[in-house]
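Common to both upcoming complexes is chain A, partnered first by chain B, then by chain C.
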Partner chain A sequence: MRKNRRAKYFFIFPAIIWVLAFTIFPLIYSLGLSFFRVRLGRPAQFVGLNNFARIFSDYKVGNSLKVTLLYVAITVSIQLILGTLIALLFNQEMRGKNIFRALLILPIFCTPVAVGYLGLTIFYEEGGPINSILMSLFNLKIPWLSSRIWAWVAVLLLDIWQWTPFCFLVILAGLQSLPEEIYDAAYIDSSSEWEIFRKITFPMIQPVIMVVLLLRLIESFKIFDVVYSLTGGGPGTATEVYSLYTYRTGMKFFDLGYASALGYLLLAIVIVIINLLFRQIREVYE
Partner chain B sequence: MKKVSILVALVVASLFIASFAFADITVTNASGESITFTDEEIGSIVASGEKPFEGVTVTVTVNEGGPKGGISGPLYEWRDAWEQLTGAKLNIVEIPYAEHYPKVMTDLYTGTGQFDAFMIGSDWMGELIAGEYIIPVDDYIKDPRFPKWDPDALPPSIRTLYTWGDKWYGVLNDCDGQVLYYRKDILNNPDYRAQFKEKYGYEYNVPPKTWDELYDISEFFNGWDWNDDGEADSGIVMHLKVGAQGMYHYVSLSAPFCILPGEKVDKYHNVYWFDPEDMTPLINDEGHVKALDFQLKLAKTGPDAQVAWSLGEAWDYFLRGKAIFCFSWGDLGSLAQDEARSKVKGKIGCSILPGCYEVYDRSQGQFVKFDEPVVWGNTTGGSWHGVISVLSKNPEATYHLLAFHATNKISLWNAQRGWTGVDPGVKFHFLPPYGTASLDDYVANGFHPEDAKEYLDAYYENFFATNIVPYLRIPGGNEYWVALDRHLSEAYTGALSAQEALDRVARDWEDITNRYGREEQLTVYQESIGYQPE
Partner chain C sequence: MGVVRKKSLSGTIIRYALVAIIVFWAVFLIYWGVVTSIKPPAETFTVTGLSVPFLQFQPTLENWRTELSTRESRSALLNSIIVAVSATLIALALGVPAGYALARFEFRRMKNRDLTIWFLSQRVLPPVVVLIPFFLIMRTLHLLDTVWALVLVNATFVLPFAVVIMRQTFQDLPAELEEAAEVDGCSDFMSFWRISLPLAIPTLVAVAAICVAFTWNEFLFALSLTTLRAKTFPVYLAGAEDTRGVQFWFIATRAILALAPPTVLALFIQRYIVRGLTFGAVKG
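Presenting the complex of A and B:
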């Protein structure tokens, strides 16, 4: 029995080290940094809460937060809706389903930075593939990367393209785990597919959708790669998301104390949103 | 008789030995081309045949570009040759442009010391000097052991970028400055000239003398097919993408609007960035606002997509013959000679950038008029060159490498080939009477003779101009540039007016200055522009 206990610690030990070294330590260290004015190569200077106070007078924070929140709201909503619809489609009997499913999930495996650079080619305004097709069909040229709005659309499209398959895959798994008997019984009472979806399917897969929603929300707040490689935050500051601004502050300008404070603000925002969501979920189930 | 025979034999033997001791040394690059150095040119380390750097590896950072890329290309081109001469190894570390500065500074700040040298942009110099992160090379320059290069061949404008005070830190490589490229064939077309005169009421100069004149020409040629390729063409093309060096266009263009020329640097004369007495940003004064308003107007005579274009795309547009004007670096002039990607070989003219008749005078708070256009030469850009890290364990081998690239022969070879990114700027790159290069050499390397003359004369005129735009070389230089870049981009995309955008730049610059310490910044700034407090 005692030997078993020791074995338990032996297996748990690497995980503890991992969490301490790569989660707890950086968290505490960056919290410490956020109270200092830090410039590499010079002694750090304690500034108390100045870095946090500075956030409120930094107009660039407001802009990047607005861009990020809008981005999260739009991409996550569309990914969930599209993912659910495609999952419902693939939950039917159809020929070549396995092949289509395999093809559909391919974007998940792409590196986001590579997707961004791919976007540079696809959305190239003078002779890029999309504009070439649009020009030949409708004599239309879209300013994908030079217009503030269209650059936004380009970033959104790439993200939706990459992450909708993830939503689809998880929701499909949820759909396929639903018991057949319930549907057999439901079809006796109603023949309306919409009603069956609304009253049976949706409530039953709601927990899965909530999990997908949570994961996508957390990931979307951290959006960086696609924006960095596709638009660099431009044109102007139209697509400068919060992570990009934090990265520039810390890693380009070496203003590490302020960058840590910015990081903590994002953490606080995500925690609040996730908690609100959890509360919502609890209310639904209680 | 016997003595005479012995004497003759000794003389012959001495000459024989001497012929080996002072034999010229020939090196061959990756393209298979050879260059022969005398002992004096290559230095005694190589001439002696010893290989004191055997087993040493020199690690150099450079902007990502590959074996045929700008600035990185020459390092690959001459790597084998240098390694064979010295026995050392060269490790080239390519870093994307946007990441290069942070990577280098991280190495220096943390004392890691994984790099021996950096091919830096000149705007990094203030930070590197303030932190004492690089070493002066004056002693090495005088040392006959190393390859010989000529610091006096650099024009004062470029020399300023390679030095700090009276010490040399940089070793000759690239000379950046923006000049005006224009389609000489189109502008000299008599029909077009007549149409222009009818519309605007005057005959234009080729090249235009002022920015206003350039605007009129650009507007005239914009939006119709003047080159018979079946598509509408543009007046001008610029690269204005945020994070892709677009702000350099603004600096070159704006200088004659807002720098009041004078005999020396004082509060009101020859200053561009900050008030040299208190570091107040000048970027949002009336001269700058007028310049940016002008640039926004000028941008409308170019393709809309240029707001999202980097250098390559803008250059490509000009090289495909789609625009009348492009003001850019020396790379464009030599790339125009590459017929695989250029349709404008033999058709281009080059000149120093136009000027303005009216310049903003801060002392009077108004624009003042001049009889002749006020023209400013510029060293806009990186003038990318090698400096040696204070953390290098092999500074001699490192300097040897940099000096090898700076020798007249290799420097000229690089400057005559567009893909190297090494742009002309020193005396031996220019044609007589300004320099010692031969037109035949340029022609043999693919230049159209007329293009070569225009191109080299324009650069000579630019670098040796009476007025040179001051260069920003203070700690946090990169941060100041980024702030300028992002807010200019907001103006280019129409999100902000010129005044709003420049007000934001000024506000950001004040923040940066305060964070770095106003007094420290002021001292470095004054030193960097040669301001002497009274």
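Presenting the complex of A and C:
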């Protein structure tokens, strides 16, 4: 590590200035806006804390918060559990493993909006592939996009489809970095796979699982694309996630001050949750 | 893992069956999109089950031909490419030197680790929080409905990837090489440019691919900051449903066209995906 070099500032300042200009400044600007009533083409009007007060009387905020938090909790836990199970399955000698692994990577990088629209074709109620299979097997027809609860399930399923492979991939990398010698000893002492997982494997990959949990939490709160394209927040407001409601408030009704206040509430929630896990982040990045 | 355990035949069969189900589940959505895009429109809803091409219907490239000859579609593709490449170049130009500085020099007022976390924390921010200010800023600068607004926004969003991953890459390179060069009178810039950077090229390419993929996939800002001329492909795709109703063959063709570039890129950088997407926290 070299010290006291003027050069270091030339290396790092452009990036710092960029972030100050395009992240920190907009954040401060947004905070300012949240104290005003802003409509395009009219002078902004100072309203103090009115926008924040409005949040508490707006039932749609409560609804979108509930939808988002439930979505985050359910998808992230299912993704972690499924991802771990699939990683354990793949963490063995297997023919064609690299090809299977490559195929499992595909969903991660798919354009989320495209995933939503493809979802529209597979969840199609009259003869889409899922319903036509369910029809022939169980004589069952699920109202995927017209029922409040099933529309919600469809969104969850797409998200789980897209992000379980990410959890799988990272956890598998964690598993493969474990030293093999421990297992040789473990198999002498115990023959129960479950016990070995619980007492040896899990504690050792726990840091990796923490990283995955953290990254998924951060990304999940941003959900917008899939909902926008698959259900548009409907039916009614059944799948109207927080970002979608904020987007509509700002970009459809041009209630810019209120939308800024809404954004800040989301930021506050995310920061509180991340802070609960912050010690672990610091440890990971030494 | 090489732990040799005796496996029963039935165990092996169950294992492969599970793997088959998982792989089927992982590729089904993409498979369905591809199949729908090569079905003759008239057969979109009549062919049942898995719709295996050639067995159940005669595939056609008609939908693709129509799609690729549409002017709107081409211009959206072009916009997407311009935005993705420009944003990535900016992110690399800013982020690679910053990552190098964080790996090689000691910062005192704010420690290296804290600076790294500061860059990293940009990814925590839900984009919708800065949507309104960005909209107003771009409006003031008369950049609404231009690709440059999207370039600025996306470069900002992917910058943390470049900084944090490159920092780790430079840290992993042996410092002795540069120290030797320094003895020979090499300046800090020269040793960065001539020694460290060439050694970091493989990761640099992977970071570039990740930045391109994330920019390509970005939707919220592309939707809000463009109206007509600067539409990226995902925004164009989102317009498809309103204009054409339940014409699934168009939706499928466009969706596959949208997701193909980032997905194919990902296949080329497989070795780096884990490290890249976890910001170096887990080494793949």
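As a convention for this text, the second predicted complex is superposed on the first by the 272 of 286 C-alpha atoms of A that agree within 3 Å, B and C clash if a C-alpha of one lies under 4 Å from a C-alpha of the other, contacts with A are read in each partner's own complex, and residues count from 1 in each chain.
One rule holds for everything that comes next: contacts are C-beta pairs under 8 Å (C-beta built on N, C-alpha and C of every residue); 3 or more make two chains touch, one makes a residue touch a chain.
This one's a predicted model, so the numbers in the text were calculated from it and none came from an experiment.
Novice: Touching A:Ala238, do we find chain B (first), chain C (second), both, or neither?
Specialist: first
Novice: Go through the superposed model and pick first if A:Arg5 touches only chain B, second if only chain C, both, or neither.
Specialist: In the superposed model, A:Arg5 contacts chain C only, not chain B.
Novice: Which of the two partners, first being chain B and second being chain C, lies in contact with A:Met251: first, second, both, or neither?
Specialist: The answer is both, since A:Met251 touches chain B and chain C.
Novice: By the touch definition at the top of the document, which applies to A:Glu125: first (chain B), second (chain C), both, or neither?
Specialist: In the superposition, A:Glu125 touches chain B alone.
Novice: On the A-aligned overlay, A:Gly83 touches which partner chain: chain B = first, chain C = second, or both, or neither?
Specialist: It touches nothing on chain B or chain C.
Novice: Give one of first, second, both or neither to describe whether A:Ser147 is in contact with chain B, with chain C, with both, or with none.
Specialist: After superposing on A, A:Ser147 lies in contact with chain B but is clear of chain C.
Novice: Looking at chain A, does chain B or chain C touch a larger number of its residues?
Specialist: So, of the two partners, C touches more residues of chain A.
Novice: Which chain A residues contact chain B in one complex and chain C in the other?
Specialist: 126, 251
Novice: So in the complex, the part of chain C that touches chain A is made up of which residues?
Specialist: 1-3, 5, 15-16, 18-19, 22-23, 25-30, 32-33, 36, 45, 48-51, 93-95, 97-98, 100-102, 104-108, 113, 115-120, 122-137, 152-153, 155-156, 159, 163, 187-189, 192, 213, 216-217, 219-220, 223-224, 234, 237-238, 240-241, 246, 248, 251-252, 254-256, 258-259, 262-263, 265-267, 270, 273-274, 277-284
Novice: Write out the stretch or stretches of chain A touching chain C in their complex.
Specialist: 1-3, 5, 7-8, 10-12, 14-16, 18-19, 22-23, 25-27, 29-30, 33, 86, 89-94, 100-115, 117-122, 124, 126-127, 129, 132-133, 136, 158, 161, 165-166, 169-170, 173-178, 180, 183-184, 187, 208, 211-212, 215, 218, 221-222, 224-225, 228-229, 242-243, 246-247, 250-251, 256, 259-260, 263-264, 266-267, 270-271, 274, 281-282, 284-286
Novice: Under the definition above, what is the set of chain A residues touching chain B in their complex?
Specialist: These residues of chain A touch chain B: 37, 40-41, 125-126, 143-148, 151, 231-238, 240, 248, 251-255.
Novice: Name, in rising order, each residue of chain B that touches chain A in their complex.
Specialist: 98, 101-102, 105-106, 108-110, 131, 241-244, 303-309, 313, 317, 476, 478-479, 482, 486, 489-496, 515
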